[in-house]
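Handing you a structure now.
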Amino acid sequence: MNTERKEPTYLCTDGQVADKSEIARRFLETRTRLNDNVDKADNYLVKRFYNIDHNTYLEGAIPAKYKELMGLVVSAGLRCDDCINYHIIQSFRLGVTRPEQEEALNVALVVGGSIVIPHLRRAYELLKELYE
Amino acid sequence: MNTERKEPTYLCTDGQVADKSEIARRFLETRTRLNDNVDKADNYLVKRFYNIDHNTYLEGAIPAKYKELMGLVVSAGLRCDDCINYHIIQSFRLGVTRPEQEEALNVALVVGGSIVIPHLRRAYELLKELYE
Amino acid sequence: MNTERKEPTYLCTDGQVADKSEIARRFLETRTRLNDNVDKADNYLVKRFYNIDHNTYLEGAIPAKYKELMGLVVSAGLRCDDCINYHIIQSFRLGVTRPEQEEALNVALVVGGSIVIPHLRRAYELLKELYE
Amino acid sequence: MNTERKEPTYLCTDGQVADKSEIARRFLETRTRLNDNVDKADNYLVKRFYNIDHNTYLEGAIPAKYKELMGLVVSAGLRCDDCINYHIIQSFRLGVTRPEQEEALNVALVVGGSIVIPHLRRAYELLKELYE
Amino acid sequence: MNTERKEPTYLCTDGQVADKSEIARRFLETRTRLNDNVDKADNYLVKRFYNIDHNTYLEGAIPAKYKELMGLVVSAGLRCDDCINYHIIQSFRLGVTRPEQEEALNVALVVGGSIVIPHLRRAYELLKELYE
Amino acid sequence: MNTERKEPTYLCTDGQVADKSEIARRFLETRTRLNDNVDKADNYLVKRFYNIDHNTYLEGAIPAKYKELMGLVVSAGLRCDDCINYHIIQSFRLGVTRPEQEEALNVALVVGGSIVIPHLRRAYELLKELYE
């Protein structure tokens, strides 16, 4: 069972996010540099995995913004700072509000427990830079 | 930063879910029986934790149905069959469609990897009973 | 830095635990049967690992009963039902009270989050059989 | 950087494995039944993920039998009984010996710790049925 | 079943710990700065979660020092450096000796496996600064 | 069931690896410094665990190079950067080629999902320094 997928409409670019937040800027720069290196390796299965990954968050039966927030929740539940930063930034670019980001993080906190708190603290620092 | 929270409106009861699906019925019966035993123990911190847990999924800045789906994604990413069953049932009761359930499970599959597949298979069996 | 280790004094045998609790009886029987099969394989590294494992929970700087409860907390935090059953039974055999077992489980619940709840429910069923 | 991939040569069929081992037979039957249900759902991203998953274990720079054993190690380290069963069976079909299976499980035991032991016990029961 | 809870008696302050250990000082400063930012956000569910978290480690049926060590074991088993630092410091403040800290870490090492070793190494660096 | 174990033959030393790769050099220096501190503590169970850990990766029924790659796969699946670095370096020292390293990482990526990607990116940076 499949719904048509299409690219979401971002309200701002990575560059504009980087201008608002130093944490985001450093994260995006490192990510780009390391991804360029992965791209050069040109590994067939890695490229296919990245492609599926991209397709997972498109507009579909569930709006893209909620899928990015789902990515945030599971990333926080699995405790991956890079993944948390990425999905907070993507959600921000899709117009997600700060209360929505916080509610998504609450799901991760309650499901994942206090072990999530150090990641929550760092996530709130990024939220502050993006939304204040 | 907090949005007003309120109880979501369920489109059907646990009993009606149990009538549609044998998997759901067995899950809900066992869950009720074991929770009754936990309730009898009357542990203060457990009760407070259950209370926070309940509050996490109320209507708020994010609609309850998407929070239940977020619970589903993180439960599948963390590979907990009971939690997956619970959030699929809650989402169903809030009117979530099957394509929405599948898209949420896709986020969990891509984030969590093939180790999620055995749980995905069991989740699809429950989806079949609920939606067909 | 090492403290002298010695075997703890159990207040009852596995058999007596099995007489009190059907859950414990089934768990111990399956565990014994499967361990006998592992023993027959006589794998050198497995035997050495089992030996370290045994030594970890002896009386030492920390009393054995608290080490068993630590084993319970980390087992519940890592969500392993067999391990939870094992450490609840060992703790019971060392005279740990039910409030102590519940407080240990609370640490696991708060650190590990709601994903621990299905295991908590099953643990409380075992506690009921052992302590009532 | 990519090496040509090709299908590995299996020394026996799933059916022959099922004839040797009751545990394998039950596992394979349930897996087939549940996978048929997933196939019927015909979810585009699930199908693509299954396809990548299949391609990961082909003959390549690393012989298929060692990739199956790698799948076994990470499955045991992540504590997924279904995945452990699957990779033990696939390894067996590729001619992996019992000492090789045990050494792979030892890597998982040492990396993953005693929390792996309940899965190791069940894995050894399957090894016994397949190799004795 | 609940035992009266009360605040534990600390033998020294965070400031005194920071004076003994540079690792502790940096950890406590960052934690305070990030927690202040979380506090300002004033999220209702986060505050309630923090409150439960605080209550979990009070004196009760189990002495506070053993509960902090339980927090250490599950934090090391779940591999969270910030949480490990926090519980080592709290245990130190409650008079836990170095052999007790090491025995607790041994439970985490054996249950969690060699994947815990990088965290164990960093924990021992903190232990050295606190106890030597 | 046990096969004779013996030390593998390394094609180069840690020092030679450090000369090729700055990432490897920093990792190995920190690891040595922290391990020296652990060694000084002279904890009996830690020493025994380290000893088992060493024995797990010796030549045996499975060649040492494939066991190091298994260690890499489970380390990446469990998302431990230090462990990933360690096993990439050990595999390199045993003559493992870059395509073999990439195929092993692919198993971890597919089993562990996109949450592995940040670790994969960092692993590819180390691969670049070692193999280019």
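In this document, chain identifiers A, B, C, D, E and F correspond to the written order of the chains, with residue numbering beginning at 1 in each.
Just so we're on the same page, a contact is a pair of C-beta atoms (placed from the backbone, for glycine too) under 8 Å apart; a residue touches a chain by one contact, two chains touch by 3 or more.
None of these values were measured; they are calculated from a predicted model.
Engineer: Along touching chains only, what is the step distance from chain B to chain E?
Structural biologist: Step count on the best path from chain B to chain E: 1.
Engineer: Keeping to the contact definition above, tell me which chains border both chain A and chain C.
Structural biologist: Common neighbours, chain A/chain C: B, D, E, F.
Engineer: Give me the chains shared as neighbours by chain B and chain C.
Structural biologist: Intersection of chain B and chain C contact lists gives A, D, E, F.
Engineer: Taking all residue numbers used at the chain A/chain B interface, answer same if over half belong to both copies and different if under half do.
Structural biologist: Shared-number fraction above one half, so same.
Engineer: Between chain pairs D-E and E-F, which one is joined by a greater number of C-beta pairs in contact?
Structural biologist: It is E-F, judged by the count of C-beta pairs in contact.
Engineer: What is the chain whose Cα centre is as far as it gets from that of chain C?
Structural biologist: If we average the C-alpha coordinates per chain, A ends up farthest from chain C.
Engineer: Using the average of all C-alpha atoms in each chain as its centre, how far is it in Å between chain A and chain F?
Structural biologist: Centre-to-centre distance between chain A and chain F: 30 Å.
Engineer: How many angstrom lie between the centres of chain D and chain F, each centre taken as the mean Cα position?
Structural biologist: 23
Engineer: From the mean C-alpha coordinate of chain A to that of chain D, what's the distance rounded to whole Å?
Structural biologist: Those two chain centres are 32 Å apart.
Engineer: For chain E, jot down the residues that touch at least 2 other chains.
Structural biologist: Where chain E meets two or more other chains at a single residue, that happens at 1-2, 41, 43, 45, 49, 52-53, 56, 74-75, 77-78, 83, 102, 106, 109-112, 114-115.
Engineer: Based on which chains touch which, is the overall arrangement a line, ring, star, complete graph, or other?
Structural biologist: Graph shape here is complete: every pair of chains touches.
Engineer: Mind listing the chain C positions that touch chain D in their complex?
Structural biologist: Where chain C meets chain D, its residues are 31, 34-35, 37-38, 41, 43, 45-46, 49-50, 53, 74-75, 78, 80, 82-83.
Engineer: Show which residues of chain C lie in contact with chain E when the two form their complex.
Structural biologist: The touching residues are 1-3, 52-53, 56-57, 60-62, 66-67, 69-71, 73-78, 83, 97-100, 102-104, 106-108, 110-112.
Engineer: In the complex of these two chains, what residues of chain B are touching chain E?
Structural biologist: Those in contact with chain E are residues 1-2, 41-45, 48-49, 52, 55-56.
Engineer: So in the complex, the part of chain B that touches chain D is made up of which residues?
Structural biologist: Touch residues, chain B against chain D: 79, 102, 106, 109-110, 114-115, 117-118, 120-122, 124-125, 127-128.
Engineer: In the complex, go through chain B and note every residue touching chain F.
Structural biologist: Per the stated touch rule, the residues are 77, 109-116.
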